[in-house]
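Please find the structures below.
Same chain, two partners: chain A is paired with chain B first, then with chain C.
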Partner chain A sequence: MATETAVDVVMPQMGVSVSEGTITKWLKSGGEEISADEPLLEISTDKVDTEVPSPATGTLQEILSQEGETVAVGTKIAVISPEGAPAAEAADVPEPATAQAAAESEDASGAEGETATAEPAQEAEPGPAETAEARPSPQPPPAGDGRGDKAFVSPVVGRIAAEHSVDVTQVEGTGRGGRVTKKDILAFIDSGGAKETPAPAQEPAPPEAHAKPAERAPEPATVQAATPAAPQAGETVEPMTPMRKGIAEHMRRSLDTAAHVTTTFEVDMARVVAAREKLKREFQEKHGVKLTYLPLIARATIDTIGDWPWMNAEVRGDSIVVKQYVNLGIAVALEGGKGLIVPVIKSTEGLNLLGLTRAIIAIADRARSKKLLPDDVQGGTFTITNPGGFGAIHGTPIISQPQVAILDVEALVKRPVVVTDDDGNDSIAIRPMMNLCLSYDHRLVDGAYAAQFMRDLRERLQTWDESAY
Partner chain B sequence: MAVKTYLQAISDGLRQEMQRDKRVYVIGEDIGVYGGAFKVTQGFQEEFGAWRVIDAPLSETAIVGSCTGAAIMGLRPVAEMQFADFISCAWDQLVTVAAKQRYRAGTAVPIVVRLPSGGGFSGGPFHSQNPESSFAHIPGLKIVCPATPADAKGLLVSAIEDPNPVLYFEHKHLYRRIKDEVPDERYTVPLGKARVHREGDDVTVVTWGAMVYTADEAAKQLESDLSVEIVDLRSLSPWDKEAVLTSVEKTSRALVLHEDTRTGGFGAEIVATIMEESFESLDAPVKRVAAPDTPVPFSPPLEKKFIPQVEDVLAGLRDLAEY
Partner chain C sequence: MAERNAYVLNLGVTPYMEAWDLQRSLASAVSLGEIPDIVIFVEHPPVITTGRRTNEGEVHVPPGAEVDLVETDRGGKSTFHGPGQLVCYPIFDLNRHGRDVKKYCRDLEESVIQTLVAFELEATRIEGLTGVWLERPPRKICSIGVHISRWVTTHGYALNVDLDPAPFTDWITACGLEDAAFTTMARELGRPVAVNEVRDAAARALEEVFELRLEPFPADDRAAFTVQAGSAASA
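Take a look at the complex of A and B:
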């Protein structure tokens, strides 16, 4: 039976720090014939989306992990019955004749299960040469056809290609045998070559884009190098979820990228409070939606962005890219405090207050019930975060890359403030006050620009004109 | 600042330390009346007396063993091996006793062993070696290999100050050939810190001792085509990983050069570390240029073939650049 042992297909290791992968598509279905190295399925990991070649020629006997499933590296995901061995025969374990044989059989399958994570099962016993050759290589061949001289991608070139989503085969190589050197790929990127790659590659993914993480930069060295220390007494240790890792990487990268500055404005929300009181009932009764302060503030912010376009921009290399649309990201905390996701509402400049309210409610619901699509978390141009609901009165939020600003909406609190009437008389009054904190990227946005944006936003809120919305 | 030879810098540094600290004394073969085989301690016995400038019997074991005992009792001995090659006789005292004393008993062993090392003058297999890697493998020992007169003095002072046994490799080929400005006053060069000898962007050469100059000459000849950065390690134990990795992360290509033989040479440790810690910065395999795995030949043409020459470094750099 040994020579006819079915070949396991395992989730490949796609990089040093990658621990799991998601099956995005099976290219073959059960019972179909396949030859060695023919693409068998597509997977998506923290680092790359890629095809997995078949480790052997034969029949795809069984698919063990379905599309959409995320499994650890080394997990058996399918079984291929090698050429010459009928699928049924390979699948059947012969009936043990005696109790002794049954025990041996169980031992053997147990051992196979253990080794499956590290190496294909057939390695336990010498198989025929062609089976051994067809075994999956520990690392997939680098970009290109994996055969020609040019196809060798050095570690640094591979890293740069991943960071900039460059297809290495498109780069002219000047190294030995036409190999693409670091200089070649840097020159290619400098000359704008990277921009010719498909659209999603142009923007680094936001932190929450787990579903499509191909364009994410590799983790900074500090994260990679850190070897977790063994737990000490009194400590509990749990692995980071992919979302946690994504947040950690993105937050660190954002601080390493943008020149963060935070400015805070106090806003008298009396008119907004009054407007909401008035509209709340109408929204509930006529449209069945609950109106919070967030849509009102968001609406005013979007309008103010219209006058200060650099708030809705991106630093791309040496260029300033101003977006004509406001794709508004809304930070949503997940229950249990164990995650954060920033779904994006597209083209909010075209939504009135009711439309925006509905969109915010819909997307927040989808975020909390984990029904967001990859598209829902991409392409943001400006973000609003709203920790005020918990009572926070000041914050210095971190910008979601590649955006240049994030607005932090703080708690609405009643405060004694000095108000001046039309005749110039001062008096102390109790007013509903709110702090708005704006973190902006000083690489692009200067202090005066940010302050004027905030001044106008405050003005819009303080003089809220219902008819405008 | 006065311009001094490498040898004069060592001699002056040693004299200054003996003048300011009575615990410092020197011991070695023919270092007193004769002033040392290379005259590093010329005039020392007249200045400091026979009790602090001790002519030892021809026993490296006795020299290092007595230094270890004296250091444990509070003195700061500086031993001279007439040639670095002879230190093999003192292996047991150095490796078994001195290197482990601090770990075993908590006592400091502040000894310095000066090791005139290196070839290039037909000294043959017993007078030309660079045995630094053997000792870099021993926990508890520190190792320095200065290349410039200023470092020779500053590292000697640091070595004397250090509470651990320090092997001070002084390259004989540099003694009178290399001259440079050396501050007159006392100063230290920190142990374990490398120095960028030459800045560049395309390739990093990691080296130390006399090979710094070989690398420099090669870099000059390639100047118009290739921008070479030379990192002079200065200390091998501890060695300045950060400086090496920083440079390699910039250039993505590295050549490790040493005069010692190739297999098990300290270059292997550096290459392995680059692979482990900066793999994703590499654009080419890290290359070694080192002596072949043979004893050092007497014959001048053979010795020239043995010790890495400028041409060897040029070939290595060109190969790396073309990769």
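Take a look at the complex of A and C:
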């Protein structure tokens, strides 16, 4: 039984003079998996909020003290069933915890390390210490769609909304807690969200269909209403994890924000293949690192970005913000289909091939072992995704906001291609070919710019000059 | 007791979010032992920040006011930051300072009280109302809000040096305190006071209370953190 091995989570001792703490936020909900040391909840003492890490790896079996409750130090507030122990059935999970989870949205890429707070407005002043048999909180579950916060906007946003007759609750907020920032509302208006904004002339949609906010695709948060869908015959239903919800929200928001266009280039990788063959052994023997194609392609991409700076930029309101550094995001699929995370390697423009190889290996390992620090997933300026490892030959990746481009590295395959010799004679040869697909934001980058960037990237790879690395 | 080396970083006027990104980045480094404790001094353009325990009714900004609104992960309720206020973010590993959140808050208050002594202002604590106050009648001069992760602190205090304190009452119910009065050093002293002038006293008080020896954050180390700062700086 799980109870034999379960690990109790207790209200920690936050100082000799501290006898109790108030639970301000559970960062995990019942039934969710958690690693040792991963933040589990936040408690408040005096004017200090403290993140409490999980004491064990396993599944959060039960939450015993709800948000807003003040309990004595040492009180059991949750139970974790360790890895391997049978997890509690979903039905055992206390209702408020589930509802709370549904109200949370967590950015999958952790781009800003934010978690939304949808705390019920209630007085959280420390009350009398409660004993171990802490009663469940009588508080009603927070609004399931987490939208309650949205009316809570800065005056600047309020004014812009009024000027453009925008209903702020229809704007996707990227601020903490899903709040609508000035940037969000400007982007919303720019994207034609405001009713006053005429549809672009080339837009084929009939007038009644033009980006009316209410008619946009339902948002994940709404899909995640607190009541789970009832399973019908032949179906199984499970709650989305916060990461899944975060990915859903982030992907949807990116498509609603950027004007996505994808272009594909075919690259003859013969020289890269040769270079890797040559370096592979040296890297393994001298440095103990396994050299894949990814660092070579990444290195060439970073160099090419140097010549095409808008690929490494951001649309911020009406401004184009070009980054002087390349913080490279590498999309990492978590094992078992558990999701996707995009750790970021900072300032890659200063790394040589070995340094970049090491950084990619280190950060991918940290991502898979859930050891990423908040900083590891923040501040990306360009992303590479690598589905080619599974054999994919074409893709249309979604940009990680607020970046403007993402490069999709496809499978390396031998293909018959027509080659022309020095005398102009054509013949068919077997060449190691790879497709590179670039999705870019047409709000900033035009087709010619993107194509020239890709042309130069292809040139760098096809004429790979190892002395340059 | 032996003093420990720590860094101090004067950011000048910096947007709230930018400083917050930098805080988090530095907190990771402090947590990993890559850098010693560090103190950030900064002034923010007008911004209202809310804490985990802010009630919605606390914020009532008039339409059109030029102020940003940021929800943070610090303890405490809503507050206002603006130019003329000395904001101090000590990023300390409390494993080295007693692992006691209440003691940490009292120590922060003590450092502010000592800072004010240098200007011949006699400030005090009020039981149950974290922050630093002048008395008869009680008026708040410094607000405190802290976040801790793995015993590493972020956020800190905001000392009203020379600014119009009206936003504390007109725009928000600061700290959730109805009817609380807010004051500034300039108002109490009856003369203009520069934030720079207070900053040095504040640094000395922190050295004294936390037994630190502050030295400027070396440029080499700082370069490693300009990524986050830079990304927000172009805002």
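As a convention for this text, the second predicted complex is superposed on the first by the 241 of 469 C-alpha atoms of A that agree within 3 Å, B and C clash if a C-alpha of one lies under 4 Å from a C-alpha of the other, contacts with A are read in each partner's own complex, and residues count from 1 in each chain.
In this text, a residue touches a chain if its C-beta (ideal position, glycine included) is under 8 Å from a C-beta of that chain, and two chains touch if they have at least 3 such contacts.
No experiment lies behind these values; they were computed from the predicted model shown.
Contact comparison for chain A: of chain B and chain C, C touches the greater number of residues. By the touch criterion defined above, A:25 lies against chain C but remains apart from chain B after alignment on the C-alpha atoms of chain A. By the touch criterion defined above, A:325 lies against chain C but remains apart from chain B after alignment on the C-alpha atoms of chain A. Touch criterion met: A:42 reaches chain C, while chain B stays clear of it.
Once chain A of one complex is fitted onto chain A of the other, the partner contacts of A:334 are absent, as it touches neither chain B nor chain C. In the superposition on chain A, A:316 contacts chain C only, with no contact to chain B.
Note: residues 154-156, 158-159, 175-176, 179, 182 of chain A belong to the chain B contact set and to the chain C contact set alike, using the contact criterion stated above. Put simply, chain B touches chain A in their complex at residues 252, 277, 279-284, 322-323. The part of chain C that touches chain A in the complex is made up of residues 21, 24-25, 28, 32, 48, 51-53, 55-57, 59, 61-76, 98-105, 130-131, 144-150, 227-228, 230-231, 234-235. Of all the residues in chain A, the ones that touch chain C in their complex are 14-18, 24-25, 39, 42, 44-51, 53, 113, 117, 119, 121-124, 149, 152-156, 158-159, 162, 175-177, 179, 182, 316, 321, 323-325, 327, 346-347, 373-375, 378-379, 381.
Chain A makes touch with chain B in their complex at residues 154-159, 175-176, 179, 181-182, 218, 225.
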